[in-house]
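Common to both upcoming complexes is subunit A, partnered first by subunit B, then by subunit C.
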Partner chain A sequence: MKSVKQLISSAWRALFGDTMRAFGIVSVILMLTLAIAPAKDHFSQWHGYQNGYLAMIRERGDAISLRRRFEPGIQQIWHPEIGVVDRCETCHEGLKEASLADVTTQPFRKHPVIPHPLDRYGCTICHRGQGAATTVEEAHYSKLAGVDPILPARYIESGCGQCHQNALTGTPQLNLGRQYLAQYGCVNCHMVKMPDGTVMKATDDPPSLEHIADKTTREWIFTWLKNPQAYAASATMPNYKLSDADASDLSAYLISSSKPLAGDVDTTIIPAAKNADPSAGASLYGESFCATCHAVQNAAGNLVGGDVGPELTRVGNKVKPAWLQAWIENPHSYDAHTLMPHYRFTPQQVATLTGFLMSKSDSDYSTDVHLGTATAAQIAHGRKLVAELGCAACHTINGVKKPDNFAPDLSQIGSKPLAQLIFLPGMKQTLPTYIASKIKDPSAFGPGMKMPLLPLTDAQRESVTTALLALSERSQTMPEKLRIPGVHQTTYEPAGRAGKLMADLACFSCHRINGHGSDLAPDLSLEGSAVQAQWLDSFLKNPNTLRPALTRRMPRFNLSDADRKTLTDYIMVAYQSPNIDPDKAPPAVNPPALVEQGRQLFYSKYACQSCHTANTNTDKGYIGPVLAQVGTRLQPAWIYAWLKNPQALRPGTIEPNQNISDEDARAMTAFLMTLKSPGKQEGKQ
Partner chain B sequence: MPGKIDKILEQVEQSRVWRSIFRSGRGTSTLHNALAIQQSVFLHLFSTKVRKRMLSFSSTWYLGTLTLGTFFILIVTGVLLMLYYHPSVPQAYADMKDLQFVVSSGLFLRNLHRWSAQAMVFLVFAHMFKVFYRGAYRAPREFNWVIGVVLLLITLLLSYTGYLLPWDQLAYWAITVGSNISAAVPLVGSKIHFLLLGGNQVDANALLRFYVLHCLILPLAALLFVAVHFWRIRKDGGLYVHQSEPKKAGAVDETELVKEVQ
Partner chain C sequence: MTRRPVACAVLLLTTIGTGCKHPSTSSSGLKPTATGSAIVVSSGDKQAAPTGSVLANPLVVQVNDDQGNSVTGALVEFHGPAGVLFDPAAVLTDSSGQATTAVRLGTIGGLYEVSATTPGKSHPVTLQIAETALGYQQQLGSILQDKYCSRCHDPESSAAQVSNYDNLAVKPHAFTDGNTYNKMSNADMLSIIQHGGPALNRSALMPPYGNTLSPTDVQAVIAYIRVMADPPYRPAGTVYGQK
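Let's look at the complex of A and B:
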């Protein structure tokens, strides 16, 4: 102890005993201290990476050209208008070097090919992270408020969604995520205001429950509420994990609040014809293209059919026969806004189809559920539950108003500060993890959490998370010129008798006209300029497919002659292209020499037969529509205009624009107009 | 060799140019030394003579001098920081990031400024405690104590106004809270609040006001009061002599210990 003390005091004397010496020592210490800062600059992390990069390229074949393009020092992408100051390229030197495709060590990997030049928008706009930083830790994993850590690569498509409100072919995950937000009804409760100012609308079409007692039983409602996916695997209704008592009370309220449908609905069941063909129901189901919209689980457990309407695997367990019969007869009398068309079946067909569908039932489903008469207390509690769970946010329910802003606004969820989130113990504290976990199991975040469990797979959850991350603060503040608005439905409604008829036939459930409707079937906005009236009339009478590669899905509606005429006349007059003048059209009948010239051009110069079939005996093109009867289907003016520029008439069509000269187009139009249906040709002869 | 250097120095000091700048002339007499202090605009603030005892560490702990030292460090680093800093909302935080990541030794500069500021506040308090507990505020030094209190306030205000300039979350909320305290003053509270921020909330105007206060008004005020403070040390009879220890019989009279200091 004493010797230590002596040692220290002698060292002190040696160093600071003399004034001059002390001054000198202190000066040296000060010099060394001041040297630390420039030394830290010189031995900084990015210097090390740049040296590493130089060492790496030295070994490569194209070392000289790589070395020439290498720029030492801090590199920066600067776009003040979008708030980008990205110094990532200081370490990620090889991002733009195509020849470094085989390099796998970071930070020297080449960036995958993307549609934008790399320095057009910088890095952090998609990848997040702190662009201004020049150290690994600060750039990628900063915990500062207002700085996002680097985004895991699996959510990277959210970056695209900040500007692109439309669906891009390169972002399947983002597109699906947005679709799910609408399809699973997330946006019924949550407000999602897109950066272009539009509010996302749900597409799940939740049924109105105003007349639910007409349609189904309390027992079915109970079983459905307990687990919707047990009834239909594809059901988008979330699972609220209700107790037996709650489900029973809810069903009691829904049945008791239901009002019988106004008007006299015929409840007498039409008996199916006794000697009916047992397969008649199945074939009518097939002929009417029910599977275009409705799915049924097959023996292997796979869903076969579309997802526009509800799954019908166990529909016999659900609906009352009388209701089903009335529904098939005319769905609009139960639900005026249904996407299902009014098929105009004959009473016999209705009976056949009702019988066929009622047979689609599962004898094991909800057999042991027996609910007695509901008490007033049960009904009152059921009503309370309806309000608490926000049932009316999706469904129309008698006696309960649709709640406004039932769930939190998600319009800027993609930039929600971490300080505002409550994480579960042991959870990775990042925004993507939080969103994905919340969707996966909302009830884990507290017993008071009202959000139900959505029937999503892991991949679907990842998509939804991607779509939500795209709703960032940055997406809201993006300059207007960088914003690509989404494609939104217009409110177009055709007027008059034809309009009423089109609503009745639910044309817009498949076709799009003037920006309104679905894209299941061709856009009909210019149909009046395209087709001949006679053909349209006969097509409505008996539809057939135009494309051999596609299954026909246009159903036959048993329209009366008058209805057909109304529709045809309306379409021919109302849906005209402003750019096609029928008066200046090439003539429908042409001299044989011109026809022959057109044939030559069709087969040799433009080789149209690679995609189209003009002669069913010789041609094998199946990509485009069959043209064997195009002369009876299309108008010459349309054919001519189409040949000149297909994309002008139907944006995005895959038919190439071959810059066909006026003369050639005229000749080919003449040739195509001679391709008539055999019936017509015989008639002429 | 050393003789030669001395000769050259002597020649320089006797040259006309040197004499025109330093009027006291060459010499080691008491008069010469006193003139050297008196005739320099910077040094004449100080006493021409100081008791040797006062220069020992134990008498003052050098707290005032150290405070002045940190103040000079703050001026130098502050001026350098001003070369990189724009007091505007879109730029202020980005400039902090540039200083941290891009400017050579920028982080060192910032940290030196910050730590010196912390040290200065600490030293000012320590200096005042020392003065207080030793009774150095008593007559004839009452007025210098008052100036010292003003300097304390200026130091605290400098510290406070500098806090907003990084324009990060900490700064923003600290100033929001701080300015709301001023709003609690009866009657004129909201007016003071408005005057301080140049608006009703911490925004571009507040940033600019705080910048001007921090870089111009408050430092100039501090320099002025520091000058008065030093001048008053001289006028109030030099550094305070500690007399609490009883005089020992036969001890050497203190006046004999007086030594000229240049």
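Let's look at the complex of A and C:
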């Protein structure tokens, strides 16, 4: 004890014995303390990477300019208004160096070309991770609870979706994901409020089940519920993995709750339906362009046709002939809001099509299902199941109210804290993995999980996950000036008799007018400025082919003369472009010299024949519409305006704007106006 | 003299031994029942997909014997550069001699050389397969060329998109035609896309897109043409390290 005391006092004396010595020692201690910060800096991880970067660029041809642009120390991108504090460039030094394109080792790779400058929005806004961190571990991986790790590259388009609510050309995966959310009915149960304040609407149009017993049998409902994709490979109805008893009880309730359609008493089948000529049915199906909306599986197992209406491969197994006949006759009497047009078929045509479609059946499908009459207990249990499973969230069902907020709100799913998620054992504990696994197999997350199994492929699931990740907390708090709102359907409805006719013909199922409708067929918002009234009337009577390369065509409706006149008059008057003045239009008849000049320009200077056919004997262009009779189809003012700037009249059209001079456009308009249909030319002679 | 038969016997036994042992020692735990001597691509090569995504069609290779007949139950292992994932990475050929795998591309845009290897009778046989990963700019170019260019530049017709190639008096070059495009500078490509064929004294059948596509869009299309070029495009004047 004594010796220790002696030791300390001797050491004290040795170090601070006199003032000079004490001063020296204190100075040394002070210097060492001051050296801690630079030393920590020197031995830090990022310093090692910066040295590595310098060593790498030293070997390269443009070392001097790379070295000049190199900035030592911690680099930071700071944008407080969007919550970005990113120090990623401290290690990722070469992000902006175009000449490092061949470098593949991280962290020195060049950033791929993207539409935004890197400094403008920082890195974490798209890549996630911890921007303020300065070690590899902290910046990239989630080690602390609730901390965002780096997003896998395959979901990177979710970053774009935080500001861009519209469909960008460069983000196909995000666009598809959003489309699937609407198309597969996700948003029927889940609320998805987009950051621009709009609520995402479903586009899957699930049928009403109010009159289901008119349409099909309990046996078919049972087999369908057990596995919808076994009936139609393209069905979007999810598989609920129901037991036989549950499926049987559900079918019992749906049949018992169904009310016969008022006035639908005539169930006599037109006799011709039974012995209809099968080839006549197939050709009527083809001529009516049913395949534009409906698909049928061919012998090779591929679906041929559109996905607007239900797949018809086994429709004969499903529907009752009397119902089908009434449906083809006029679909609006069963479902007032259906996308299917009222074709105005003759009774003979209705019978032929009914016979043809009823023959589309599969003898192996649901043969051994016999359910008999339902008991009261079965019906009661079925009703309970309808409520529990949330069937009414999508379908209209008699006696069951549409549930509100049946499933969790997904409006901020892209930032859901990890602490609120229940991961499965062995699962990677990140949000993208959770979302993707939940969609892939909801039942794995517990027996009480009501979410059904959606028929999505791996790529489709990745798209949906991308779209959901875009619904982040950041997307809700983005400054208004950065937000690009989505394009939404308007509520435009044409009025009067023409409006009624257009609803009956379901024009909006294919055409868009004033922001309402689909994009299967040309937008008709400016049609009255484009076409000649006489041509429109004859086109509605017998739609001939304008674009031979397209498989989708305008079907022929058996319209009466009066109906055609109503439609033509309405379209010619109501759908005018404010920018085309018919009074200032180039004349329809022109001197031959100008016509000849236009022909020369058409064929040599602008080489229009590469895409268009003006002379059916010599031209072969197959992309744009055939122009052989364009002089009877279009108005000269439209042709002139179109040549000057096609995109101004139809945004997104692929005909390039060739910056044609006024003089050239006038000459070509003169030439094109001479291309009349044969009947017209004869008339002139 | 007496040693020679013994030596022969030892050699024979070792050969049989290793021959029999070899299949059961595959790293994947699969037990091949046969070996082939050649490996060929059936489908799924030369695809292009965004970086980090799974190729739209699976990669299918076929293992054949000396006579060119397919071999069932042969082991095929897939390898690729870092970041490329195969599901499964090793597989036995099916009854038609084919091995199928799904390929997930890496996160760097560009050409990927992946390989399929089968043990073979005497030595392993390897097949090189090229796939292309499209970065953001190249993918944008891919979408744009699909809309504006491929109808004429792609001679292949499909039901969804009928090719206009055969209707043209002067034939355009397919975008995979590296021998033609690799000789053109980026400035020339920009000029012909923006101002049309006559800008470079070529056919007027190529219209100008400078008023329709933005400069960013045109650059994206050029980036796509560059990445699709076969043989691959090497930018002139790049100085590489001396390592």
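Quick notes on this one:
Methods note: the second predicted complex is superposed on the first by the 632 of 685 C-alpha atoms of A that agree within 3 Å, B and C clash if a C-alpha of one lies under 4 Å from a C-alpha of the other, contacts with A are read in each partner's own complex, and residues count from 1 in each chain.
The rule we apply is simple: a residue touches a chain if its C-beta (ideal position, glycine included) is under 8 Å from a C-beta of that chain, and two chains touch if they have at least 3 such contacts.
Being a predicted model, the structure only gives us computed values, none of them experimental.
Looking at the shared chain after the overlay, A:Gln173 reaches subunit C, while subunit B stays out of its contact range.
Once chain A of one complex is fitted onto chain A of the other, the partner contacts of A:Ala153 are limited to subunit C, with no touch recorded for subunit B. Shared-chain residue A:Pro115: touches subunit C; no touch with subunit B. In the superposition on chain A, A:Thr134 contacts subunit B only, with no contact to subunit C. Between subunit B and subunit C, it is C that contacts the larger number of residues in subunit A. Looking at the shared chain after the overlay, A:Asp41 reaches subunit B, while subunit C stays out of its contact range. In the superposition on chain A, contact is made by A:Val85 with subunit B only, not with subunit C. Of the two partner chains placed by the overlay, neither subunit B nor subunit C lies in contact with A:Asn542.
When the two complexes are overlaid on their common chain A, residue A:Lys620 makes contact with subunit C while staying clear of subunit B. On the subunit A side of its complex with subunit B, the touching residues are 36-38, 40-41, 74, 80, 85, 87, 130, 132-135, 138, 144-146. Residues 59-62, 99, 102, 104, 109, 112-115, 152-154, 156, 169-170, 172-173, 458-459, 462, 549, 551, 604-607, 610-611, 620-623, 645, 647, 654, 656-659 of subunit A are the ones touching subunit C in the complex. Within the complex formed with subunit A, the residues of subunit B that make contact are 90, 94, 97-98, 100-102, 104-105, 107-109, 168-169.
Within the complex formed with subunit A, the subunit C residues making contact are 50-54, 56, 107-109, 135-137, 139-140, 143-144, 147-148, 151-152, 159-162, 164, 166-168, 196, 203-205, 207-212, 216, 219-220, 223, 238-243.
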